[in-house]
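Listed below are the structures to be examined.
Each of the two complexes below includes chain A, the first together with chain B, the second together with chain C.
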Partner chain A sequence: MTSEAQSTELNDTEILELTEKIKEEESRGSPLIGVLEEMPALLKEYENGNEIYKNKINNLITEGYNHFRRIRGDGNCFYRAITYAFIELVSKDSQAATSAKERLENVGIPLLSELGFDSDIMLDFYQPLLSILDNVKDPSISIGDYLKVTLNDDEEVSNSIVVFMRYLTSATIRKNADDFIPFLFAYEGDLQLDDEGMPDIKKFCETYVEAFGKEADHLQMTALGRVLDLGLKVCYLDASERPTVDWHTLNENSKTITLLYRPGHVDLVYK
Partner chain B sequence: MTSNTHLARQLQQLKKHPVDGFSAGLVDESNLFEWEIIIIGPVDSLYEGAILKAKLSFPEEYPLLPPKMTFLTDLWHPSIYNSPDRKGELCISILHPPGDDEWGWEDASERWLPVHSVESILVSVISLLSSDSPCTDSPANVDAAKQVREDPAGYKKTVRRLARKSAEDCWD
Partner chain C sequence: MSQLSTKRLTKELKDLKDKGCPAGITLLESDDLRKWTFELEAYDSIYQGEKFALMFRFSDQYPIDSPAVQFIVNNTKGYLSPVHPHIYSNGHICASILSDGWSPVLNVAAVCLTIQSMLTSCKSKERPPDNDGYVARAPENPKKTRWEFHDDSV
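Coming up: the complex of A and B.
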């Protein structure tokens, strides 16, 4: 970098985009969905670092959270994490897998058409997910191996489902605009307002939800959990001076998955 | 070769249900990523009667990343490059991913999204060509943009001439 470039001041958006680009480049080569790891591997990341993180992780272990799974940090981590954990959860009994598929067919996919997304185009994005939900009912397959082959090894399948999940999130936010608009005002990014001073929800969704590689925030998480009929427990691990992690529950539900959230990144954590 | 279900399905759909205003097919039947496009100049526009040939080149990552569209027909338009190294390349916002700052973040124009298809791209292109006084912000062809602003009659004349020529060339 030349000294001239260094002295150029970047605005917040440019810094955000630069950070996203660097993260995306660094993450290439790491698995989309990592293997199940034991918690000490997470502790190791902070070996020479911050005591606060170490204490929080140790407290998580005491609470019985013994495993975690890394997700590639390419800006799509939330969508890949929820997809993986969702399928893993409903794979435990075939009735749950059937209901999950039926809900997508009866609620999610019609919502996309209702919001005007071309169904021929959408078909390619959701078909892989529907067939995975069918295949996990086969008692002779190993779910772990099967999900590795589909959601990790096959980038086209994994990315198609990310795109579908993004559109499903967008459609849910747009359909329930009244519920979500208040949260848009707090959104940290630049937000375009319409003539009446209300946030432009379509523009917001195109920029922060539908665009591949854009990170998800609480808003997107809540919306996707809602349309999938899935509860999300978010374990918030950051450098704030508290002895334990913060927990946030988005959508109370009997079916719930647990996300490990560190600012700017989502992984999965297991009890 | 890399497969791409999304492109294969669109090709099949467009063959079964052609869309008015353009035709689309592969340059070479064994390569799904290079398409040849023929656009019929929109009625009541400067391009009425024109037959415009173009190429759409898709990256392997399509639909996550947009294709590049290049006109093979000689054209004079602020959004189409005329320099020898990028001649014919179309520069419009929907063919740029979000975060690509050529226009700056604040710009409200629509960016690339995975939901865009060959059809929706061409609908945008046809609508672009239908305007007699195209947008001249951040032009790809600076001289054409200048002419739109300073000599609109001359601009229209040049466009009409190239439109007629495109139809003649097509029958040669």
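Coming up: the complex of A and C.
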């Protein structure tokens, strides 16, 4: 048992935690959900950098992806990105918003109760999302302005929904443990095994899913997409020597959102 | 204070007042919704007969953010920090539930019970090995300390 004052050398986990902390501090002040930007703004990030990125972004533009939206890099970016894109998508027609709300009420929330999450406590976290889904049906409001006020300007609303989405993801993984356990073996973090040598899925969820500020991997993405009945297309932009980005489809679905994934961070990209 | 934290704290406080605190725990002060104090005893333990005061401070981000929790050291009121391998003489507590192990589904009562059980299960009254060094440099708020956890057995 020591405190910071005594630590001299850091182990890998501590380095990771410190890195997360620095990223979180640096990202403070940048918007939770950025405005819609044109792709050249993304190219500008690599102005004096790697040609590979520039080529891949130019190819994305050729494929018709003309806009993107930056999400704050505080470890919650995936959850904020999917929430924003999900609401944006279903707000295009009032029937979709109604179905999305019904899906949450009939599938998501009962699942949380089934897994033993206190419904009173959960209510505080999902109420803001349900009221947004109700309000986007009002034809007189401008969706862009409304989502900016709720999901960007109001950190409390945004954070509450992040917490709710995290519990929803956790419940989905735990409920469908057989589907997800194989992926756990490939997980990079510390993984606790039970007496039979199987990963402890509850512990995994508490540490890597429920914990606020912990980044999501494709496992969390798949689970949340599944419970929301939402397809995810992931545009994987990294320094690998290929002319184009890699595409991964998580959950085939007629309703699909597109994430721009760069190692350690998620933004949104639009056609 | 934010709406979420006010709502949650008001509800927790009402539950504690209506249903009562767990055995050995008494609510002393909660006039300020952001700062509560409890008196805590650990029956059937090596701390039998000792009474401690536990202070909770809540940020606007509660319950997403964990509360700052510490024992009060106040000689005039007769409150001391329990002599325990995970509790420093300035009242700071090293417990995972107060940092990495925090979850927004936990609450004040759960924290009180965890800390009470830390005392109940303790076999010998000792300070953490780095007590003096830590206390000399410790921040006022224990949440500013980055804790490491080496031992779950106490």
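One rule holds in what follows: the second predicted complex is superposed on the first by the 261 of 271 C-alpha atoms of A that agree within 3 Å, B and C clash if a C-alpha of one lies under 4 Å from a C-alpha of the other, contacts with A are read in each partner's own complex, and residues count from 1 in each chain.
Simple rule for what comes next: a residue touches a chain if its C-beta (ideal position, glycine included) is under 8 Å from a C-beta of that chain, and two chains touch if they have at least 3 such contacts.
Worth saying up front: this structure is predicted, and the values here are computed from it rather than measured.
**Student:** Once chain A of both complexes is superposed, is A:124 in touch with chain B (first), chain C (second), both, or neither?
**Tutor:** Touch status of A:124: both partners.
**Student:** Looking at the overlay, does A:156 come into contact with chain B only (first), chain C only (second), both, or neither?
**Tutor:** both
**Student:** Between chain B (first) and chain C (second), which does A:229 come into contact with in this model arrangement: first, second, both, or neither?
**Tutor:** neither
**Student:** Is A:217 in contact with chain B, with chain C, with both, or with neither (first, second, both, neither)?
**Tutor:** Neither partner.
**Student:** After the superposition on A, what does A:206 contact: first (chain B), second (chain C), both or neither?
**Tutor:** It touches chain B and chain C both.
**Student:** Just which bits of chain A does chain B share with chain C as contact spots?
**Tutor:** Residues 14, 17, 117-118, 120-121, 124-125, 156, 159-160, 163, 167, 206, 210-212, which sit in both footprints.
**Student:** What residues on chain A touch chain B, complex-wise?
**Tutor:** 13-14, 17, 20-21, 117-118, 120-125, 156, 159-160, 163, 166-167, 190, 192, 203, 206-207, 210-214
**Student:** Provide the residue numbers of chain B that touch chain A in the complex, in ascending order.
**Tutor:** By the definition above, chain B touches chain A via 3-6, 9, 13, 63-64, 97-99, 101, 105-106, 108, 110-111, 113-115, 117, 120.
**Student:** Given the complex with chain A, which residues does chain C contribute to the contact?
**Tutor:** Going by the criterion above, the answer is residues 2-4, 7-8, 11, 61, 63-65, 85-86, 94, 100, 103-105, 107, 128-130, 133-134, 137-138, 145-151.
**Student:** Which residues of chain A touch chain C in their complex?
**Tutor:** Counting only chain A, the residues touching chain C are 1-7, 14, 17, 117-118, 120-121, 124-125, 156, 159-160, 163, 167, 206, 210-212.
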